[in-house]
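Take this structure first; my questions come after.
Note that the chains are named A, B, C and D in the order they appear, and that numbering of residues resets to 1 at the start of each chain.
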Amino acid sequence: MSAWISQFFASYSNIIDLCLLNSLVGYGLFLALSANMFSLATGGFMALGAYCSVYCTMELGFPFAPAVFAGALLAALGAAAIGAPVLRLRGDYFMLATFAFTEVIRVIALNWDSVTGGAIGIFSIPRHTETWHLALAVAVVIYVAYTLRRSYFGRAIAAVKQDDVVAQSMGVNVFMHRLSLFIASGFICGAAGALAAHLNYFIGPGDFGLVRSVDALTYPILGGVNALAGPLIGAIFTTLLPEALRFSNQLREILMGALVVAIVLYLPGGAMSVFKLRWFGVRAGETKLAAATEQAQS
Amino acid sequence: MSTFLQQLVNGISLGSTYAVFAMGCTLIFGVLNIVNMAQGAFFMGGAYFGLEAARLGLPAPLALAVALAGGGLLGMLSELVIFRTLRARGGHRWMGLVASLALARMMIGLAQEIFGTQVQRYPASDLMQISWEIADVRIQLLQVVLLLVSLLLMALLAFVLQRSSIGRAIRTVAFSEDVARIVGVPVGRTILATFFLAGALAGAAGMLLGNLFNVVSPFMGEQMLVKGLTVIILGGLGNVPGAVAGGFLLGLIEVFSVAYVSSSFRDAIGFGLIFVILLVKPNGLFSGFEERRA
Amino acid sequence: MIGVQLEVWKIAKRFQGIVAVDSISFVAAARQVTGLIGPNGSGKTTTMNMITGLYPADAGRITLDGVPLTGSPPHQVAARGVARTFQNIRLLADQSVLANVTLGTHLGHRRSILAVLARLPGVAREEREAEGRCRSLLDELRIGHLAEVLAGNLSYGDRRRVEIARALATRPRLLLLDEPAAGMNHSEKEQLADLIRQIKASGITVLLIEHDIDLVSKVTDHIVCLNFGREIAEGTPAEIRNSPAVIEAYLGRDEAA
Amino acid sequence: MKRSVFALLLSAAGAMAFSSAALSETPVNIGIVQATSGGSAALYGLMQKNGAELAIDEINTSGKLGDYKLVGIHQDDAGDRGQSVNIFQRLINQEKVAVILGPTLATSAFAADPLAQKAGVPVIASSNTAPGITDMGDYIFRTSPPESMVFPGVLAYVKKKYSPKTAAQIYGIDDTLMKSAYAVHKKALESEDIKIVATETFQKGDVDYSAQLTKIKAANPDILVIGGLAEETANIVRQARQLGIPPSTVILGANAAISNKLAELAGATADGFTVGSGWFIQYDSPKNKAFVEAYRKRYSSDPDNFAAQAYTSVYVVADAVKRAGGVSDLKKLRDAIAATKDLEANNGSFSFDAHREPAVTPKVLVMKGGKFILAAD
């Protein structure tokens, strides 16, 4: 039995690592989405975290932990820098501005050869990231999300998400709350980028583009943005799906697309909404409120 | 000077395909306030519809009609399968984004299955080899034809939106769905028609670009989607004349940033500009053209 | 809780060239109930939104006990002790009544996020106190039994009460009520009148924006009447009822009143 | 929760399990990690998969390995690095492969090859031409000659024939392979004393190169060097000619540009396009003729050099299995692969050099009438 387990881990440890890593990113986005920030900046944040941490370990000789922290911090700084102007934008404008940020970071990474290696990227990165690092990071982030949700901060964020006029009128500084979540999201994504860089021996600008950012959003949305376990479920599902569908190389892409569409259509509150009996009525109410907010603001 | 003029020709020619594609994206946004991420897949689909038609020996105008119809049908499909269902269920708007991306992914997979992953090209014709050299500037017949077709499509869309009954219905729904319902506009059918128009424009753009640059591939829509989003920010979300102007503008910006800055920074300049525009003038450069949606 | 005096001086607001509020001045005396009335579109809600900072005023000055309020964003206005309800009830539909009301205690929480994350004992105490206060508020408003019900499932009148409870949970010094009687039947209006009197008795300044002159006459000390973004009359309820300008504004313009 | 994750993993494992039960023979599992979906990588991946599978079947039918039966296990990594690593792990630990052929892309190789190196499983790449691949360890081989082995010969040929003074370069800046090809091209141009008068870039997915080419045209170079994949190169060549870059400007391409797609997409404008390759279709040897014929028969299309290199890789493995006397000891297998010398292959004789790079003599090919032919002096 133990032999079987060790073989299982040897064969699938990378999948487990990827599930955890994607969950971590998923929680970064979960925080952003919890205040209605449909952010495509993930790729940019992860790139900042990854390149910075690799620079720290490989050029400056930092130990692993401070390097990851430095990467996360740089991404958080990036979030703070773009947050102030970008957070004034609403809805799709916000999404597109964050996308522009990711692309600008990617193009800089492509051209700044001396630090990033350009398109060739950086290889032979020491592998420091272990499964327990990732598990610990996910656990910490879940703890933070869980604790915040039950505090006055979480109440304020829930209000910001549903009706920011109400939130303001109750004394919530909507801008600062959204900014702090955006920065936290940047920090987590930066840390994930740093951990990813030290997991796969290699990073290149292609790892941090639009696809990365969109996938990251898919995790919490598929899993459910209202449930704490949503990002975890969504990330595991999305990571395992291409492997589970490997029996058919031909139809893999088509089946993956079809499954995602089916989830969205039949569980519009995300997979976790299965566990909420009252979801249907609630969804409709929430959408109306959101619409009312938009009207009041325009 | 001749280099400058040549770059101008390059930019206008590239910009015309952007403009046609972006008109569709912005139309959907104007009516439904959503971004349909599957537009890029309709663009790709239209290119293949046109390609198959051309291979069957249909003359180019008929092949274009097939591309238009094919793209339009794909557009309607996305409305019927995804957006209508989501509206009925009251799903969050994020869900529409995620679902339309997944739909695009399915369609790319399907195209790979049917047509293979390799790049294909439209059948070569001698007519298309004709080009003139005026004051050291190369202008191909193909470029001229395609520019004219683009302008025709723009005029056609303007006509449909401004003069036809379906156009009036679309504008009413864009103004307010409730108002449309009160005055007796069939909202569901009008939205379906909007998706058809948007898909048809994407499909036509696919065939135009496929012809102009000799490329038809399952992945051609991905980059175009990004360009389309960029253009509709430049022009203002939901602003159709803005999309046309933005399309040409983006074509020129790209070409001239290659010409006078560096090709390595072409996209950084484009996206940097977008970032700045969003912060300074979030309703687009041409927001004076049209009153913003309430 | 000590009510403050609100002074509004020649404030104006226009939207894309259309004048919503032309020039309005009035005083809501401390610990009194002041009524702001007028037909639809007369500028009442715009005035309220300027006071709470949702819309910046184009011109004019707003002060609380003489300290300027103009230009402050809504959350700072709230921090100065101004609370409000909404004409088109805005509750968080998928949350419980208690959760909605507890949002009102936001400004009362003094512990930092780090303290929350570290689960310091003070945090739990603060939460318990906030919850206890909200429950007793709900009891006072006679909706204590609804604490765990989802706000989206409440009756119309109860939603109005929850909104008022939420506003009171902020420990306001000035309470703005935006058409609280809209859609209420006669007995509900009676209960509302009692509630407003109670609030006044607790020392809070109240600015009541209302359509219904009968209700306003019953509970207010002073009334300001608006029309077309201007003030057309001011005085005691009795004076207002007999003012020709008010009668014309209501009967000539708006049959619903 | 934890349990359901575990169950999901298990069901995934079940779905992926391959039944590779061989009866009397001893199976030799060969992992074939090639992208057959997911963009331009699939163009090369599919060719290599075809070439490898053709060779495996030929060897099994011939019975030259006696009781050993080669079992090809193809896995599609869609050109995605994360998936390549997943696949490598599974192939090594679960399928117990003796050797892995691939992966398609160099970026995947940089991520996945270290796993094989650590586990002591040999990897033979047949499309990675970026520098540094074999530096990852002594278990990493390739049958694809790196750009640096091919391009200088091409340039020397062009220099001798046309004596160019100036050159322009255009390359894909976001493609690992092309970025490194660019560096090789640049170094070769500099060492041949050819002045670089323009350097332009493009990105994956670009279809319009007219702005860059207009700039290049204005610089009026004697030769144009393209660092692009086949489909990109085809359109650059075509657009260059359409914009009026004269036929006197010779266009040179990278190794990766060699594909049958090139002639199809660029048509007559590709005439005179010059590249270098370790293999070419008209190579006159019985072994090659048999290969081309078998390939055409099985896939009804022409092989390209990637198919040929993957085909060679399998023969290298078969030869090494024979010399190592089985696959029970992968260290011995590795040593046997490394010792490959003068193996009769489809491009003459094949050997690995001391750095596990292919010791082949690259040929200069010129496009003429839609076919690559050996360049005549």
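Throughout what follows, contacts are C-beta pairs under 8 Å (C-beta built on N, C-alpha and C of every residue); 3 or more make two chains touch, one makes a residue touch a chain.
Model, not experiment: these values are computed from the prediction.
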Work out which chains are contact partners of both chain C and chain D.
-> A
Reported most central chain by Cα centroids is A
Based on the averaged CA atom positions, which chain is farthest from chain C?
-> D
Per contact tally, chains sharing the most pairs are A-B
Provide the C-alpha centroid distance between chain A and chain D, rounded to the nearest whole angstrom.
-> 35
Taking each chain's mean CA coordinate, chain A and chain B are separated, in whole Å, by 30
If you average the CA atoms of chain B and of chain C, how far apart do the two points sit, in angstrom?
-> 49
Express in whole angstrom the distance between the two chain centres, defined as the mean CA positions of chain A and chain C.
-> 40
Mark out which residues of chain B touch at least two other chains, giving numbers and ranges.
-> 109, 112, 264, 267
Residue numbers of chain D (touch at least two other chains) = 36-37, 173
So chain A residues touching two or more other chains come to 110-111, 252-253, 286
If each protein chain is taken as a node and each touching pair as an edge, is the resulting graph a line, ring, star, complete or other?
-> other
Touch relationships between chains, expressed as pairs = A-B, A-C, A-D, B-D
Contacting residues of chain A [partner chain B, same complex] = 33, 38, 85-86, 88-89, 91-93, 95-97, 99-101, 103-104, 107-108, 110-111, 210, 214, 217-218, 221-222, 225, 250-254, 256-258, 260-261, 264-265, 268, 280, 283-284, 286-287, 290, 295, 298
Please name which positions on chain D make contact with chain B in the complex.
-> 36-40, 42-43, 46, 173, 200-203, 205-208, 210-212, 214-215, 217-218, 231, 234-235, 238-239, 242-244, 261, 264-265, 267
Which residues, counting only chain D, touch chain A once they are in their complex?
-> 1, 5, 8-9, 11-13, 15-16, 36-37, 74-76, 78, 81-83, 85-86, 89-90, 92-94, 107, 110-111, 114, 130, 132, 136, 172-176, 178-180
Which residues, counting only chain A, touch chain D once they are in their complex?
-> 7-8, 10-16, 18-19, 110-111, 118-121, 123-124, 127, 200-202, 204-207, 229, 236-237, 240, 242-247, 249, 252-253
Chain A partner, complex, touching residues on chain C are 52-54, 73-75, 78-79, 83-84, 86, 88, 90-95, 99, 102-107, 109, 113, 116-117, 119, 123, 126-127, 130, 150, 152, 166, 170
